[in-house]
Amino acid sequence: MGPITSAPGFPVWLDLLIAFLIGIGFGFSLEQAGFSSSRKLAGMFYGYDTTVLKVFFTAAIVALIGSQFLSYFGLLNLNLVFVNEYYVTASIVGGVIMGAGFIMGGFCPGTGVSAMSIGKIDALFYVLGGLAGAFLFAETYPLIQPLADNAYRGPVKINDVFGISPGLFTLLLVIAAAGMFWVAELAEKKFARPDITGEI
Amino acid sequence: MILAVVLPILVLVLTRSITRDHFRNNAAKWADRSIHKTNVITAKQLDESDGKTLVIELDDLAEATGIKGEVIHIPADRLLDKDNQKKMRGAGGNIVLVSEDPALSARMWMMLSQMGYKKLFILNDSTDNEALKYKFQPDTVTRPEL
Amino acid sequence: MNARQILTTILLLLGLILAFLPLSGNYSFHGKPGKLLVETLDENTYCTPDQVARFVVTEDSTMQLIDLRTADEFESFSIPGAINIPYSSMLSQNLESYLDRDVKNIFYANGDYLANYALVLARGLGFQNNMVMKGGLNEWYRTVMNSEFTGERISARENALFETRRKAEKMFTELNSLPDSLKARYRESKEIERKKLDGGCE
Amino acid sequence: MKTKYMNPYLAGTLLGLVLLSAMYISGRGLGASGGLKYCVVSVVGAVDKPHAEKSVYYSKYFEEGQKPLFNWLTMIIFGVLAGGFVSGAVSKRLQFKIEKSPGISNTRRLIFAFIGGAFFVYGAQLARGCTSGAALSGMAVLSVAGFVTMITIFGSAYLFAWFFRKNWI
């Protein structure tokens, strides 16, 4: 029963090797999706290219559905899968800062590294900026710690907040995503910029 | 394409939900009666209850004589045998587990109820198994160094 | 049909199946009933109060005593080194953080029922290293606390046994006679560090 | 309209399966910003060890002789580099290039990329995860934090989009 590496005595080097292999899959799918292009990513916010929305929601939903089926068949213990802890203030403030960084830099960290690997110089600067940001955070940590630890709620699951089963929430999420995909494709027609999309 | 993905999963889900060879009940919900102690029954309560009762002796020492209902003897390690399960599923009333060893009947109760047996009880004499028969006497003279 | 329609149809159908599934599998017992039966009939899942007394006296760190009684009962007295997981709230907390460790868990309560329910629950939910103290605190009192030698000549083996019992009894009485504030401090020091799952970007 | 990239729904499914295998194999999601942080931590540790040991922030990464460079999240970053390169090679996209709107200069693009990266990773440290670590992986496990982070990242990016439109269109 998964997760496999949670078995006692699982060798560390194999764990790290697996991380590397998963990273390869991660980088490969990001690049194939076109996330190595900052103008494609930024297109999300001007309507001419909504690949980000499609890939992002498809991926989240595929993993969500897959993990629940694995759990139903007794193959994966979801109690041993990490659930992100909810720090209300930090999530919101951090999210806003990330949104600003996204629209300025045109990447997020994963896509930035992936784009850097195929030779995008802007991505290289983005990653360097990211390292600077991490350094800055470490140095300003004592100042920002109260904010970061404020309003801790623990690893809350969203279906528990609404009081419905995980399966039902998944269905609602799929319906919402299907609606968004449809709107996104309409938007792509309305805000089409063939001059940009032809180039990227 | 759609069918190729959805159909196999649907078939797997259906087979899994039909077969009996695994647990599929919510563990907390089905253990709930053990928290409220409504799964323990005395011979007197059993006498006063309505409906059919199947009494199962889990070990050789268990004496279920004089108890209301049909008494059968099934050693604990044979509980899951096909014909025994058939008898239990067909009982159509209360099922009462009797054993000399309260640990054994508690364990079998939990396992069987997780398999979906609803009207399942442990037979106990009138004393509460979980009551402490001794009283702690504090010793206020000596003080350990901590 | 274009890619969007194919994908959304597949996801919608799968989502529909999920919405109708009773609950995800990790809420119910793992494995097959037959295997659970064999495991729960295993004699090695029992230990006697005398064995527990030895763990207490030697402060064996490969054993973790788990007291299933209510918090009130636990506070008034408990076996030294035990942590408290009241049976009534056992399944409403994340058991992984308590039970999925490299030590053997020994369940006990006043009698036999709760500890053995807890053992089957723990086994069924996938935790392997569990035992019960046979007879619970009643048996602990009868054999360890109130032990008296009644024979004529004492053998070396019996002598060791009685020595352990005496020591355990002393530790038990001393700990539980402490004023509440000191007792709470002792318990805090015994609190196990809850295992945290690895993950996220931390 | 034809693009040279993989169909987004197919790519999304692929990414979802990668995430699912990460969850199945190791019980974790994907993460990118964490790896960058570990790189910084190990550099700081190598350059100024006393500082790293004194600081509340760095010291926890050096407890018990841990090596921050040999870490799950750092390995992911190295994997992403390799995987991106393979994908670029397969699809013949390997090329040194600065991608930008024709309306702005290269310097402006690079400065904005640097600032954007700094902002993003700073925010990601605060929120304990970036788009992949918090939003994507979080949503896949139905964590509230994941949904909140996702909404605030995309929501605020939409709000700020108007100010930076020259950079992109």
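Just so it is clear, A, B, C and D label the chains in written order, and each chain counts residues from 1 on its own.
The criterion applied here is as follows: contacts are C-beta pairs under 8 Å (C-beta built on N, C-alpha and C of every residue); 3 or more make two chains touch, one makes a residue touch a chain.
Note that the structure is a prediction, hence the values are computed from the model and not measured.
S.K.: Looking only at C-beta pairs that count as contacts, which pair of chains has more of them, A-B or C-D?
M.R.: C-D
S.K.: Between chain B and chain D, what is the gap in Å from one C-alpha centre to the other?
M.R.: 52
S.K.: Determine the centre-to-centre distance between chain A and chain B, using the mean Cα coordinates as centres, and give it in whole Å.
M.R.: 46
S.K.: Determine the centre-to-centre distance between chain A and chain C, using the mean Cα coordinates as centres, and give it in whole Å.
M.R.: 38
S.K.: Tell me, which residues of chain D touch at least two other chains?
M.R.: As it turns out, chain D has residues touching two or more other chains at 8-9, 12-13, 26-29, 32-33, 37, 72-73, 124-125, 128-130, 133-134, 137.
S.K.: List, in ascending order, every residue of chain C touching at least 2 other chains.
M.R.: Those would be 4, 6-7, 14, 21, 23, 25, 30-31, 197-200.
S.K.: Scan chain B for residues touching two or more other chains and write them down.
M.R.: Only 9, 13, 22 qualify.
S.K.: Just spell out which pairs of chains touch, all of them.
M.R.: Pairs flagged as touching, ordered by label: A-B, A-C, A-D, B-C, C-D.
S.K.: Over in the complex, which chain C residues touch chain B? Could you list them?
M.R.: 6, 9-10, 13-14, 17, 21-23, 25, 27-34, 36-38, 40-41, 46, 76-77, 87-88, 91-92, 109-117, 119-121, 124-125, 132, 134, 136-138, 141-142, 145-146, 171, 173-178, 182, 185-186
S.K.: Which residues of chain B touch chain C in the complex?
M.R.: That would be residues 1-2, 5-6, 9-10, 13, 17, 21-28, 31, 34-35, 40, 76-77, 79-80, 101-104, 106-111, 114-115, 122, 128-134, 136-140, 142-144, 146 of chain B.
S.K.: Contact residues on chain D for chain A in the complex?
M.R.: The touching residues are 1, 3, 5-6, 8-9, 11-30, 32-33, 35-37, 39-41, 44, 55-58, 70-73, 75-88, 91, 93-101, 109-161, 163-165, 167-169.
S.K.: For chain B, which residues count as touching chain A in their complex?
M.R.: 9, 12-13, 16, 22
S.K.: Please name which positions on chain A make contact with chain B in the complex.
M.R.: So the residues of chain A in touch with chain B come to 69, 72-74.
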